[in-house]
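Single-structure report; data block below.
As written, the chains take the letters A, B, C and D, and residue 1 is the first residue of each chain.
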């Protein structure tokens, strides 16, 4: 009800604020007996961490994860797994200036209107730092999915107005994405993206982009009729990420411009299995997976924190005011949202795998 | 868990199949004492009904609603309201031909892979007819919202490749939408849309489009941090509609191409209230409503049923086959999805109004 | 949130008021392909129906069930099954007298305090008639459990102060319970119970009793740690039945008086399987089923409707008043609550069977 | 779904095992702005702690709570509050002997049957130590309730076969309960109880008892019709406590032996308010609170850990075996379960206070 949980059987419940003690997540629904160590989680957290390149915030988040519960002798117990990451290198001073002046594009204003008492330091619970918990929970989902042949991976297909020229192959994605700071599958495009991102940054401004996330090896039959459709749950998970303002499945908005004869995927035989020829539907028909690759794309807005002056209202004086932010911002959020989006897709799939009887709810293997 | 419910406090639970006895919905969370009669629901069902123009299916669905429970002496009881609509003019014969041949673009294949035993007649539970229940439940949500100053309305902004030229005013939407079969706020564009829709139809094909749904008068503070963000719940509700493949909030995907200084909405005074100058964020910041108009856009794919021949696989023989559908299809689904999308937004808002303490959970007025 | 649903995966959602159009239930979580007809439900409803003997209300409830959805060609679809029972022989006149005078022992007062607007006719949603929906939903749970070797049966062990002398064997329960109006496994005790029940009745009064419900063939491993313990969910289900004021598992309150060495069940071998020697714990340890018979006992209070004069307050005048009820009351509710309690146990077990991976969530057989 | 949460709006989600790193709880649904410090929680944890007298386990649990999130500048944020208690003085060696030999009366056997891989050290997640999280969460519920005039308190009314002679007054309970190790409101009875408890203990055995929990100042209108009745939710919460095997509301099982004319509570005027004369129904009618004191009684079984030899089965050899436990056991669990039962009642009431609109979901005061 308070919105801190995602998933029904495989479920993550997150807690913590950006400048409080730390960020945590309780992961439920992992069957007993699955091998798990902090290394599995740490490697995903390291992918989300800032200060890895010129295009991400220089805030040094060590983000060391500690497993507080649910694992015994290196294997899961079927009981809730709590993961905890202490906040370090927290600098709250820059936020005193915005205490009564909500930052445009941020949640400061709406939180203040809802709660009255808020942690104004760096966005509190609404900060991007909250995604530490998503990535940590997603790491467990990924591990569970991996044992069942499902792989999730994301890449940036557009940033600062620069789009990738053609759809990359799975091999290109796997080979290139972690090799450039933009997490783009095409190294050339990545360079152009980075240039545009940094050009805006030097002007005190920020940029956005589009991420594509794929799930390969998903069995058919995931998703429930009517409301808990697989694509509906994916859309919710993706739209719940702070900077995301749009979600599409398969060809998405492009389908709105096609004719039925173009948009429908012919049903064909692929060896002994039934498949879809073009997969314009993104692996989901009627809200239920078909067995083809799941394809999701999300629109990421430009980082709301910029160093240009902006207009706001002082909540104490109720007069219009101007603020100019200083601090450690991400020039472009896309590369760091890639592991977050992967996490949300992995959690959604792990949940539906158990709900559809593809993974046993209590016992691993 | 089986996905037949939407909303947590204001909650609809739907049941029924396209060619079964009928379609029903149980609506929970309506406070006691609110005036309600079948007329309130009927007028919304009439907007969804087909056979109203050349661009919708000629299936004659009378769709007379009966209130089975929850209302006494013309006012709600605070107990669940069940609405029931019998199926009439059900013609199942055309579906015998597709019994073992899943229709491309439909849920036939994925349902068969999930459940094994399916009602192949007209899509069963996956049919568009399921939306009768959404619209019926949405009618109650709309009525409840209306008493609290919130209004929801949708209109078609693009169909068959024809886009509306400029954003219509609220007055234009209210004046024009119910006057043309495309539910477009601009009468000129509506005519062009209709021409393109019918052109494709004459060629045995179908078209899609884009719908915009607005909510006016929404108080600030709706939505919960992190996962049950207002936009996340809206995205889920919209994406759960059969033909919808994309959702965006405010400027959506267009924001991905802007700079932060353009995308951020300056916070300004509007009289004594705090507001957003441009509302590019679509009335939602950090997942919580700001008090500005909520703006949602959805991509509707072309009607999957077309009369051109299509390739599929015969599930009995496991050989590739061709099917050619005859029957009563909608040339373009957009106009009929408008009330469905309004219903989903209304249900989402009613739910969050109660969850945020804006509407009393037990007593009306 | 409004409390009309029970179960998480196998879930019933009920609606309807005692003197409204009828009573209904939506049953979710039944896998696709299970044979089901109205006869399966009707036979359980017939067991709950009043007017079957001198000790139950003479209200003639025909209670003919109609399956509104979820079944096709005699087998379930995996989609929600709605069952609907029209109210007939509804006499509302006797209730005009109590319109503003809440009946002691009934929910009239608390509903009025909560909702303001209530259906005062026969208790409305709070009436015993609401259990029609439980029994209908329970019939489907029983059928599903039956296919997996689980059987649920209840019997009255105490009524009007008359207790059964010794624990009956399973055979005695099966042989005798449906043969006497008290649903007692011992025919002699049944006669004594009936005498005492009718003696009170002739004096204008009512009586209560204790019911025991058993589940045989339950596999080990049902129930979740900590809060959704099998016994916790059973307790909730049982306590949610109108007249029930106490629940115990296994030896229950008697265990509070034993020593640990007496109360603990020795763990023994029963052939090749591990079992419990005495099963004082009622088939549940640490909230999880052991594989032994589940044993539950519930306290049923005397029927609150009696014909003796009673003191109340007139809500219109806010003065103390006396009421004397006329109408059709059950002298003792126990026999009619037996199928209701069986239904609640069956629903709880069906839910946990799916949750624990013992029944596939989507496909039957 | 995994059963680690209780409550729907005011919700606790617990994690941790008896001999792992510690025990934690995430508390959601606390409105923003409520004063809260670790002292509020610590004082309740101190009441639950063992090693406080001869009749509780000598395990030294320091149980220092740390607030990990959700509080800023001494007041709640409306975001999830995570409380964490590290495990100290953990001695796991004694449990090596029971590694493959499930202890009678414990959850060892059923957990092993369900999960396969278990933390056998001291019961793991099934241990009584799990209740640290309940008490911590309950402390916040109590504080919230206190601001709204609701008080929860429990006392032992029977232990080791010794019953309190008459119902104590509220004043007696408040004055005496924390002054004797049995938490009995009558000092004389407390002494007799203690003698009997210790007598059994010297013989290597354990004892049980009955606890009564009261809630004073509860407003009318809490609880939902049909399934989420207030008493149903209370029953679930109480029965979910490890050693509890029975729950009754008001006069409970005793009502089953009364006549309707005796059991029904006359409705009377108490000054200007409507009240119940005897309150045999325990403050709840039709599942909804009446405004009178809530009365709940629970049966606590004898501590399953005893030092007498017991029969079990060795899971490795699948042969019958005998075990004799050494370690630190509670001679009688009742006094330590008092704060746990209070916590469960407080959580249930806080949840229903918000659900019924008596406490604002977002803003305190």
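One rule holds for everything that comes next: contacts are C-beta pairs under 8 Å (C-beta built on N, C-alpha and C of every residue); 3 or more make two chains touch, one makes a residue touch a chain.
Predicted model only: the values in this text are computed from it and were never measured.
Q: Does A-C or A-D have the larger number of C-beta pairs in contact?
A: A-D
Q: Let me check something: if the centre of a chain is the mean of its CA atoms, which chain is farthest from chain B?
A: The chain lying farthest from chain B is D.
Q: Measuring centre to centre with CA averages, how many angstrom lie between chain A and chain B?
A: 26
Q: Which whole number of Å gives the spacing of the CA centres of chain A and chain D?
A: Their C-alpha centroids are separated by 39 Å.
Q: Mind checking the centre-to-centre distance between chain A and chain C? Centres are C-alpha means, answer in whole Å.
A: Here chain A and chain C have centroids separated by 46 Å.
Q: Mark out which residues of chain B touch at least two other chains, giving numbers and ranges.
A: 1-2, 4-5, 8-9, 14, 78-79, 114, 125, 221, 225, 355-356, 361-363
Q: Could you pull out which chain D residues touch chain A in their complex?
A: My answer: residues 1-2, 4-5, 8-9, 11, 13-17, 20-22, 24, 26, 28-29, 32-33, 66-70, 72, 75-82, 84, 114-119, 124-125, 361-364.
Q: Where on chain C does chain D make contact in their complex?
A: 1-6, 8-9, 14, 102, 104-111, 113-114, 123, 125-126, 130, 158, 161, 200, 204-210, 220-221, 223-229, 231-240, 242, 245-253, 255-269, 272, 274, 277, 281-282, 284-291, 299-306, 308, 310-313, 315, 318-320, 355-356
Q: Give every residue of chain A touching chain C within the complex, in rising order.
A: Touch list, chain A to chain C: 1, 79, 221, 225, 355-357, 360-363.
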